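Chains: A, B, C, D and E, in written order; residue numbering restarts at 1 for each.
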Amino acid sequence: MTKVTTAIAVATSLFALAATSVSAEKLTIGLASEPTAMDPHFHNLGPNNAIAFHIFDRLVAQDEKQALTPGLAVSWEPIDDLTWEFKLREGVTFHDGSPFNADDVICTITRAPDVPNSPSSFGAYLKGKTAEKIDDYTVHIKTAEPYPLMANDISTIPIISDTAGCSATTEDFNAGTAAVGTGPFKFGDYKPGESITMMRNDNYWGDTPAWTEVEFRPIKSGPSRVAALLAGDVDMIAGVPTTDIATLEANEDIQLSQGVSNRVIYLHLDQFRENSPFVKGTDGGQIKNPLMDPKVRTAISKAINRDAIVDRVMEGVALPAGQLLPDGFFGVSENLEPMEYDPEGAKALLAEAGYPDGFQLTIHGPNDRYINDAKIAEAIGQMLTRVGIKTSVETMPRSVYFGRASKGSPEGLPEFSFILVGWGAGSGEASSPLKSLIHTYDKDKGFGSSNRGRHSNAEIDAVIEEALRTVDDAKRQELLAKATEMAIENAAIIPTHFQVNTWAAKKGLEYIPRTDEYTFATGVVKQ
Amino acid sequence: MSDVLQVNALRTHFFTHAGVVKAVDGVDFTVRKGEVMGLVGESGSGKSITGFSILGLIDPPGRIVDGSIRFNGAEIANAPEPELQKLRGNRIAMIFQDPMMTLNPVLRIDTQMIEAILAHEDIPRQTAWERSRDALGLVGIPSPEERLRAYPHQLSGGMRQRVAIATAFLNRPDLIIADEPTTALDVTIQAQIIHEAQKLTRQTGTAMIWITHDLAVVAGLADHISVMYAGRIVEQGATDDVIDRPLHPYTVGLLGSVPSANKRGQRLYQIEGMTPNMLAMPTGCAFAPRCRAATPGCDTAPPITDIDGRHLRCHHPQTVGVAS
Amino acid sequence: MTAPLLEIRGVSKRFTKRLDVAGKIAQRLGSKIREETVHAVDAVDLSIAPGEVLGLVGESGCGKSTLGRVVAGIHGASDGQVLYDGKDIAALTGAEKRAATLAIQMIFQDPFASLNPRMRVEDIIGEAPRVHGLVSASDASNYVDEVMSKVGLDPSLKRRYPHQFSGGQRQRIGIARALAVKPKFLVCDEAIAALDVSIQAQVINLFMDLREELGLTYLFISHDLSVVEHIADRVAIMYLGRIVESAPTEALFAAPKHPYTKALLAEAPRLDQRKRDFAPIEGEIPSPLDPPPGCHFNPRCPLARADCREARQMLETISPGRAVACHHWTET
Amino acid sequence: MTVFIIRRLMQAILVVFLMSVIVFFGVNVIGDPVHMLVSPDADQADIEATIRRLGLDRPIWEQYLLFVSGAAQGNLGNSFIFGEPALKLILHHMPATLELAFSALFLAVAVGVPLGLYAGLYPDSPLSKGIMAGSILGFSLPTFWVGLMLIMLFAVELGWLPSTGRGDTGHILGIETSLATRDGLSHVLLPAMNLALLKISLAIRLTRAGVREAMGQDYVKYARAKGLSTRRIVFVHVLKNIMIPVVTVMGLEFGSLIGFSVVTESIFAWPGMGKLLIDAILQLDRPVVVAYLMIIVLFFVLINLIVDILYSILDPRVRLRDQGA
Amino acid sequence: MSDVIAPETAAPAAKVETPFRRFVSEFFESRIATVALCVLGLIILLAVLAPWITPQNPYDLAQVDVLDGRLPPGSEAFAGYTMWLGSDGSGRDLYSAILYGLRISLSVGVASGIIALAIGMAIGLLAAYAGGRTENIIMRVVDLQLSFPAALVALMLVAILGKGIDKIILALVVAQWAYYARTVRGTALVERNKEYVEAAQCLGLSRLRVVFRHILPNCLAPLIVVGTVQTAHAISLEATLSFLGVGLPQTEPSLGVLIANGFEYMLSGRYWISVFPGLALLFTVVSINLVGDQLRDVLNPRLKK
């Protein structure tokens, strides 16, 4: 009984909140990046997904910590090793009034991996999965092998309407005619490069949002974005540049919110070439690749002053990293701490490995991808130079960088020897970085797709593969932690820090930070 | 005959970085109604500056530093700009050397003629247009209505100079200053232009100052001739007197320099040296360094002397024939 | 008669503005554009004996300067030949060609544009003799002194630049430059037109002195009848690309035959005419782009008839040394 | 005139062709667009699927031929990133850039010509010297720096004008433009000022030089000799003459305004073609880069043509020559 | 009004007045230009002497410490010296970085200017002297090149070529050679038709000699003017490209990179990171432009009285 009353009380208070805000509350948000389409399946990319999730719901949602919560599915569970059952929410209607049922799910799963001209599809999440309608509110999804991450994968797919959306083209979505979902906001207006406007869905099945209208404005230049907030042109901005955080903090009219993200910034080291192109001896001549030696890799890790990076480069807005995901995520190890800064130890290790005088190295990194990426590369260059590894720094736009880093060498192999990269775990748990960054490169199985250092260790591979087959959560968590520990032990990669994302809003508003870096209008609350 | 213009002791100097250029340095002359006065001199002698001084068109760094210019009895040297504006183009008109440069290339002939009338008279545009058309007819331009619609570059050099003459006569001025108006033209065209100018001055009784370096032109056109050298008029008199019985050694030399039939094949009379540096004028007679008759006494400035109704600035008038 | 030093045979010079591809397409599409050809010089014959001064007279645009440049080898002729010492210059090669080139020199009108402002006088004068090996490098300096003295310039000024000289002195530098390669023949293109009267006399005298001293032959181009009358042995009158009359100077000035010559003589201002009435011939020189048919002078000619509009009268010898191109010259 | 247009068209075709080759192959060298596009989670098979979908698996010359045959039919290819026809994207962004460029041009002429006129008429007055010093400064300041300063001053410190974005749009003659609304105009002002700064300097210097030269010309002296008022001389005789170079140069500068809008647009988050281009370059959206350049080439040819026609209208001397040739 | 002054300087002068001496004395008539030239000279001197007068080599990572980052002017660095102008985000002493940045900016500007000048000059001369079809083709290319904004051309090229000083110089050369070519061709055409060239022809001098000894020296004046303006422009353009993220590498910053890096600190009150390099750039470009302006006045025959 008490439970019910509480629920009612909450409901009424929510209603009251909603009622007060009925008087046309408009929210304007300045975004750091822009979606490329209103078609939720067109481009599997952060900015697109963030916008799509306003208009479209998913079967399984992720909360601000990326924990799975019910969305259009009220429950999901494996009914056997190879089949997952999703129970759908009843009584939900699309923005155009048509009811939501299993047909919409089936057509979505068919359309999502295969949108014409799509630069990056959702295929990766739906590969090997077949969906089947059991009844109007039950859907089964089958895989060929046991697959524990079913719900994580499904949580990335926005559900579109069978009638309005499934046969529509991307252009129809951009025009708004097909952009019909069940989400908290309805499509309003889409002006590429300029603004995206949405109206509140007053019939939303969940909590009715506080805002009657939301406008997203892409302002890519950081200072301009801050200026727009300070000038009052927007109510809130995402991606506050670290340089401005201190000033904004001191500004009484501005409210900041920060949250650690799922993104780790790390170093990949060439471990597959005897003659690595950007490693040279102290005299500039070719030497046998020292990065293949775990001692050297550990020495490098010891030479990096993570606290200095966090404090000076990131202005305190980051966390030193000792593994692949920050604390609190599924599959992280409790035993790992960030490597201690120990330049003397690093020198000693280098000497032990046979490089008392160090060697020459080039660090490559992007300059427009991660927060302060070029500066971090430079700082690392400085630190390594101090322990005797004379490091030069080369940064480039990501358009150039990633292609070269992945397959820029004449043989189509990763071109660089030592690179700075980042990884955000979209699934919100540790298998994502383990599978892509640590596992041996294996094109056929899709493992190690971003393993640009080509670290390869059969033991770790085995643990990862086992984890990926293990449906039992506790056991899987253990396996993932173990794989992580082994990788760090081996210095397969060298994590430096976890990004912390910052949002800034005008006084009276606050944003609930999200680890997945998405900016949701529903996450903006009035204080 | 009444005096239209009296210029007395006019001095126009240019104050340049390098020093003071005394472009006009004490010029006196008188122009009477209906009379053509030839103002002759070589380049740099100050003859054009004299013309511009009369119209008050000297720009900084130059200015009239001394002297008087009386036009129809009224003093106009350094008169206020609005007063001069009323005179210019109205009572005193000017014709320039190069008609290509003086007509505004981007304005049609009619615009440029009509504005010259409307600047001085408040009459309907149509009337002004008609008067312009008639004026073009008077200087012998065929189909003037068509020409009025033309742009300057569509006319030949001779035509343009006719337009300039027609424009000068539009407001029936009392005086026209023609600054080398035929120098840029061919012999046959020059004859045409002189013909038109001569005809119109005779018809209207307008006085004219014809500035030129060509003695032969003024010989056939002018009533009086003033010869300028280095900013001063060195000799002045009736045309016949000056040409046939020159008194100043410079005039003598100038006339001797002109090739002609009776000197064929012989060496020409040669004035040695060159025009003086305007920044470093010799004291006394400016011509002395080049003068064959010069004596040490020439380093004092010669006064103006009157000989048989002629004015002369020379210590040693050449009473005997032309040097040859 | 002695063999001519220089002979011009049927020389024409045309300047053609060709149509480019776009122009041709436009023409196909019916645009009224066409190739434009200016007949600057139209089948001219002239010969000049050694030591002679030929005056070439005409108004601006008549082609006299172009003809001068063809003779001096600056322009090639479109048609016809220029013979020096009986040999076609265009057909010469090697040393002979160079000798002919150097033998004919030109004096220009503009004393400012005709001297390279960035070169010292000694280089302006001395460059060509040095390049052609007429003097050795060590003798060059003395040679320049010598040439400068010859034209009445103070050799001590040879290290100066042209802008430091007056117009008359510059013209002397130009003459010295030509003389430095020991020419036989000088083309003087309005060589005194830009000078003040008193300086003109100096330069004319210089030309006459040099002729005597060095035995030079001149093609003396001028619009100024009195100058030509003074200096030339023979005069050719040019009108719109053609020679209309040529005659010994005295004969021509005494009794001009061609109506154009008559008009020119009548209208040139003269010192000995006072308070005259200027009674000019009508009309202006037609555009050389679009010359009138037949005799070019016919639109302005008091004698013009139908035949003048139909056919051109070629230059016709009417008495020894005199030629005239007119259908009706006898009528005066 | 016909010849002129034909010549220009032929040039345009040649340039468009050359440009397409250079850009197509050039952009291909820069980097690998696929790695910009795919989600980091994608595995190797996904990446290859994307490569196939975008046709990037074919040899580059084959891709180029495909592009050319498409271009011949008016299809410049689909944006890798947006999936829409590149042409459509660019046309969509064009009005914003054009209104910015036109506003800047207007500012340049409206501010630069009067100042230049003053500086030319009174070259020795202190104000003129100030104007000229200002114009040197305007010449020398990098656009991006000025843009930031403008935002700092007018949007952040003073709060008078919005800092970024395009604002409300309205319709003028059926064209959607922010010049039609108050809000839109307030948004245009800062970026237009930023973009115009260089051109204002240019207009000042051009006008001043023109006035000084014109004032020394005989036709001005002649006009004075005709007794014309100074006002008429300046505003009819002088101004009409100097407008010839001013209009010509400013017209040609319109092209560079569009070029420089790349900088201004990225600072002011102005949703125009320039921003589209720089994004496309950074993301290796080759079809958009290529299409942008194709369109810009045509644009420039068009501008040059218009300028030449304007020139011949303003300068009667040119008109005749055109008829003749 | 040729009547006004006839500068007959034939009266024996104390020394021979060469065109160069005349030019120098006319140049220094303007006080502003004199000051600008001095400032420019000082800037160049500072840039040249940078390694000897700065406490830090900002390009040597061993000397740069991120722990020194973002220090305000007057702070002391770990190494003990005072950072009079503060430090940037990576710990570079701004005073040192600005002087080194000046070296890069100036050398980029000057190198691209000289190369573009050489190429433009050669092509312009070729066009003017060859005439006909060659000239037509060359000038069409020049026209097209000129109708594209240099910023756009450079932007595209740098995007294609990638980063690096050599590449940015190449891009600037490609973006700018046409200005020189047009200028040279324009003046050469005027000069070619002058009588002194005809005289040289008459004297049987070779074509090469006429072009290089006679025409070329007379084309230099406008080229120098264009050269200064274009050099200033190149420096500014390099800064813009760096700002757009396609310019020079992060670790060897030119002034443009320094400004761009400081740009993000502007709103946070660390004005010095962007303002000081900005001022250095401003002084450099303004003084070059002022010098260029005076050169234009002195070398332009049309303004001569």
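The rule is short, and it goes like this: contacts are C-beta pairs under 8 Å (C-beta built on N, C-alpha and C of every residue); 3 or more make two chains touch, one makes a residue touch a chain.
None of the values given here were measured: they were computed from a predicted structure.
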Shared chain contacts [chain B and chain E, defined touch]: C, D
Winner on C-beta contact pairs when C-E is weighed against A-D: A-D
Chain A-chain B separation of Cα centroids, rounded to whole Å: 90
Chain A and chain E, separation of their C-alpha mean positions in angstrom: 46
Centre-of-Cα separation between chain D and chain B, whole angstrom: 53
Approximate Å spacing (C-alpha centroids) for the pair chain D, chain E: 24
Residues within chain B bordering two or more other chains: 43, 274-275
Junction residues of chain D - those touching two or more other chains: 30, 148, 152, 156, 266, 281-282
Two or more partner chains touched - positions in chain C: 20, 166, 169
Partner chain B, residues of chain D touching it in the complex: 217-219, 221-229, 232, 236-237, 240-241, 244, 314-317, 320
Chain E-facing residues of chain C, complex: 20, 69, 72-74, 98, 101-102, 104-106, 108-110, 113-119, 127-128, 131-132, 159-161, 163-166, 169, 174, 177-178, 181
Partner chain C, residues of chain D touching it in the complex: 2-4, 6-7, 10, 324-325
Chain B to chain D touching residues, read off their complex: 52, 55, 57, 85-90, 93-94, 96, 98, 101-108, 111, 115-116, 119-120, 151, 153-154, 167
Complex interface listing, chain E residues touching chain D: 140, 143-144, 147-152, 155-156, 159-160, 162, 232, 236, 239-240, 243-246, 256, 259-260, 263, 266-267, 278, 281-282, 285-286, 289-290, 293, 302-303
